[in-house]
Each structure stands twice: as structure tokens, then as C-alpha cells.
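Multiple structures are listed underneath, in C-alpha cells.
Heads up, the next two complexes both have chain A, just with different partners, chain B and then chain C.
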Partner chain A sequence: MLSRGTVYKGKTGMWAFTAHRVTGFLVLMFLLLHVVDVTLAGISEHLYDTVHAVYGNVLLRLFEVGLLGALVFHALNGLRIIAVDFFDAAVRRQKQLAWAVVAVTAVVTVLGGIVIMLPFFTHKPVF
Partner chain B sequence: MAQTLDRNETGTESDQSSAAPNRAEARMWYYMRISGLILVFLALIHFAITHIVNDVVETDFAFVQTRWSNPLWRFFDWTLLALALSHGVIGVRTIAEDYIRKPRLRVAVKALLFTVVAGIFLLGTITIVTFSA
Partner chain C sequence: MKVTLEILRYDPATDKAPHWESYEADVDPMDRVLDALHHVKWYTDGTLAFRRSCAHAVCGSDAMVINGENRLACQLLIKDASPEKPIKVEPIRGLAVEKDLIVDMEPFFDSYRSILPYLMHDGPEPDKEIYQSPEDRERFDDTTKCILCACCTTSCPIYWGSGSYVGPAAIVNAHRFIFDSRDDHADERLAILAEKSGVFRCRTAFNCTEACPREIKVTQAIQEVKREILYRSL
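Let's look at the complex of A and B:
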């Protein structure tokens, strides 16, 4: 393999590598959009509140859950990559670590997803 | 920049035919890991406060006002902005290096990427610094 795929020691397979790329890219795209919407707050209170209210609809809430999943996966898998780069013990436990990343991501995304989606139906914040 | 491109054509991390680009690549490799470690805290704390503890509809203008009345939150948000954008842009640069085989297209895409991200960084910085709470 000639590309930077070489930094991923071990043979956990292509899926974690691909998922890390896709989630990193998507989180950056969201961040670019997010800076633009916060910039509106510096321009006008009314403008910001009007645009921001759109995030409360069901589609953008689902999008928010997706962002949570992408961010949590990328963060945990990033930690796994770093551990594998620096510690032999982590290289030996590659597979288990990769599955732990997937499991924790799933749990956090489902629980967080419930907190994010519920207010749409109950019309009041969870906390 | 042209030399950096050569590295990709000639081989792997251990290729010593051109030392300077390799040193730049090594620095970026470390930067991704160090910024990643800090981002675990900054990005996840940010998400927890503004998406979980507070519902989206609660993070309105008044919320931003209260939050940014504390300079420490402005500092937190600006650090997150700087680290996430720099980490993200270096990451997408790697993706461009790996998948775009046509040299001129690759240079064009990277130029566009750097320009857009620099613009967004400027916009975010101005907003955080000049917002009057």
C-alpha cells in the first residue's frame, strides 16, 4: 500500500479506516456550516434566532443525531489509532478495541439521540 | 508544495529520497494526534453542553449572549474553532493527496480547501472577538 494507509498498523481492516475518513470529512463540513450560522448572531439577533429555530425541526434533529454519531465514532476511533500507533499492547488488542469503539459509539448515539429527538414530540427540553 | 506531492508518488513514510517533505509529513502526523487528543475534550464538552444538556431550541441569541459574557467561554470556543479547523483541513488534505491522482486538479482542490477554511476561520474569529454581550 503506497498511501498513508501505512500509518494504520495492524489488520483491523478497511472499514474502520474508511469510516474514520468519512466521519472526519462530514464533521468538518458541518463545522463550516456551523460557523456561518453562529456568525449571524454577530450580525443581528432577529436573523440568528430565525435561522436557528430551523434546527428544531425533525429532519435537522435527525441530522444532529447523525453528527453526534459521527463525532463520537471519530473521537473514539481516533483514540484507538493513537493507542495502536504508540502501544504494542493496543496493537495486540486491535480487534477488541475496534469493536469497543463501535459498541460505545452505538450506546452513546442511541442515548444522546433519545435526548435530542424527545423535545420534538414533548415540546419541552429533557433537562 | 510540489515536493510534498512527490512524496506521495515515490512511496511510503520511510522513503528517504526527499527529506524535507517527509519532515513536514511527520510534523502533520504528530499534529493530528496531539490536536485529536485535545479535541476529545473540547469537542465532546461542547457537544454535551450545546446539544444534550441544552436542547437546540434553547441555544438562541440570549444563550449565546449569556455564554459569551464570560471571556473564558470565548477562549474555549476559539480554541475549539482553531484546533478543529486545522485538524480537519490537514485531514482533508491527506484525503485529497490519496484520491486525486491528477496533479493540477489536486493542487486546485487543495487551494480551494485552504481558502475556504481560512475564510471560515477568519469569520469565526471575528464573531467570537467582536460579539458584544
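Let's look at the complex of A and C:
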């Protein structure tokens, strides 16, 4: 029998690893959804328009903000992992790099979130 | 002072699943967690099973999960184990529990043996020691410190999920010989570690480096082995 006790109290590296897996899974799930919704264009133009109109509602806009966050984190943390693979200095500073990834992700997600959410309230595109 | 120990106990003869038991122990803040476990075993419940041998962080037999992290019970002082709260003690993960805090270490040692952890020197057997410069010795100094306690390997999330991954400890010990200027068989070890169960399973979660009681830079060593495989293949 393998031990299954409390959650292992890992530090920055373990949580970056966990978040990388979770965000990777979420982005993959969206990709599958995206393949389906784009495929609809080949079936019926009306069906495609109807489904894409749904993306305009507030819940799916929030979902898109989350998707942006997951995507940015996954991409930046991927670069952190590559840096850790090739440079000793990145191994020594992996914690700082992980926090830098979190900080940049937060900034990009908030700014992107404003761009994504604003049209819902103003009813016109930001750009 | 009185401390409470919460121990994840499992007796295959009577238990279907592990369960938590709580014990009180009278210890000094400067005692080790191992002393508290001894207190429980000697004065409260003699059926409690755990490994320990030298009790001074040299033999590496008392690795366990203490307050959610891999530690040596003989190295962690009570005062550093948040004694104001119950101290949670569990067996290390990824290896089958035999009883209480004792796990089957054989898969761990199988992985260790698989990377040929001994010096292999070609040519005639020398009649005295093989010369090595201080710089060449320094190259693998960090990885000579391993005591095979399994703290690193059993803190690795990839190891928990995959029994086939060779694990950080085996890679650390391979590193110790791969970069030893007296050894002539680095390619053999690198070929073993380039396999699917080898070094590229590492996802740099750094739990191993955090868990090592000898403060070996485990992830650093693993990355050096990865790069050696890559650069030699170019």
C-alpha cells in the first residue's frame, strides 16, 4: 500500500510545476473546444454565428480572462523551465523566476481582462 | 515540554487502510523528532514501527514525512518542528508501506544499482591510488555527500506517479561517477539515464533539492547530467 497522507508541503518549485500542469490541461481543453466551435463554420454559418454569439456573455468573457491567465502563465513558466534546463544561474534563482512569472501573468491578465470585459459594459470594442 | 505526535499508522495484519493515531511525548525543545518517536515506542506503544540506526543523520534510515515535508527524524529538532501544534509524522511516499513508518526500500535501491554506482577504471589495475587534481575532485564533490536516505526521490511528484522513474538519488549517484576523472564508463551511465525511465522524466519541481538533508544541489546535478547527455549527442 502506498502512503496517501497529507498534501506534500512543497515550495515554489512544486507549486509552479503543479500550476504548469493545471494550466496546460485547461489550455488543452480550450483548444479542443475551439476546434469544435471553428469546425461549426463548415457545417452551418448560422450555427457558427449562434455559438460565437454565446462567447459574448459575461460568464464566457470571464472564462476567456481565465484562459488568458492560464495561457500566459503556461508560456512564461515554459520559458522558465527552459532557462532552468540550460543555465546554472536559472537553477539558483528558480524561485525568483517563478515569482516573476506570477507577477507578469497577473499584470497581463488584468490588462487583458480589461480589454476583454470592457465591451460587455460599453457595448463597443476597446480598439 | 509536552508535544503531541500524530502518526500515520498502518499494520497490514489488522488494518485495511492507514489511520492517524495521536500520542503525547515529554521531550526537550533541543531533542530531535526521533527522540519523541523513541519516547512513544519505549513508554506508550511498543508496536510503533520505524527505522533508525546511527541517529545522527549519517546512515539515512529515518527519512519520513514530518509536517508535510521529507525530513530525517534524527536531524529535525523539536523546537523547529512547530511543537505548539501536533507534529504530523507519515511514511515517505512512492514506496509501499510495510508497517507504520517503514517502507519497502528495495525499488529505491534497485534504481540506485541500475546506474552502476561504482568506479570503473579501464587499463591495468594501478598499484597505488589514481591521481586526481583538487579541481577534478571538486567537479563532483557535492554529489559525494549522498547518504541514500531517499528524501529526494520520495519527495518527487514524478516518482509518486511513476514507479519506473529512476529518481533523483540514483541520478545524483550517477553524477558522482560520470564527472569523476578516474572513471572511464560515463557513456554507459549516460546511456542508462537517457532511457525513458531516466533523467528526462525530471520536471524540475525542485522538491528534491528542498528535501535533501545534506543540502546537495540535487536539481543542479540532474540538469548537469541532462546537459551532458544532450551535448555528447550533438
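One rule holds for everything that comes next: the second predicted complex is superposed on the first by the 115 of 127 C-alpha atoms of A that agree within 3 Å, B and C clash if a C-alpha of one lies under 4 Å from a C-alpha of the other, contacts with A are read in each partner's own complex, and residues count from 1 in each chain.
In this section, contacts are C-beta pairs under 8 Å (C-beta built on N, C-alpha and C of every residue); 3 or more make two chains touch, one makes a residue touch a chain.
Note that the coordinates shown come from a computational prediction; the quantities given were computed from them, not determined experimentally.
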item: Chain B versus chain C as contact partner of A:Asp49, first or second or both or neither; value: first
item: Partner chain in contact with A:Phe17 - chain B first, chain C second, else both or neither; value: second
item: Partner chain in contact with A:Asp85 - chain B first, chain C second, else both or neither; value: both
item: Touched partner set for A:Gln94, first chain B, second chain C, both or neither; value: second
item: More chain A residues in contact - chain B or chain C; value: B
item: First (chain B), second (chain C), both or neither touched by A:Ala75; value: first
item: Common interface residues of chain A - those touching chain B in one complex and chain C in the other; value: 2-7, 85
item: In the complex, chain C residues that touch chain A; value: 8, 10, 12, 17-18, 65, 67-69, 88, 90-97, 103, 155, 157, 160, 203-207, 209-210, 217, 219-220, 223, 226-227
item: Residues of chain A that touch chain C when the two form their complex; value: 1-14, 16-18, 81, 84-86, 88, 91-92, 94
item: Chain B residues within the chain A interface of the complex; value: 8, 11-13, 29, 33, 36-37, 39-40, 43-44, 47, 51-61, 64, 81, 84-85, 88-89, 91-92, 94-95, 97-98, 116-117, 120, 123-124, 126-127, 130-131
item: Of chain A, residues touching chain B in the complex; value: 2-7, 21, 24-25, 27-28, 31-32, 35-36, 38-39, 41-42, 45, 48-49, 52-53, 55-56, 60-61, 64, 68, 71-72, 75, 78-79, 82, 85, 112, 115-116, 119, 125-127
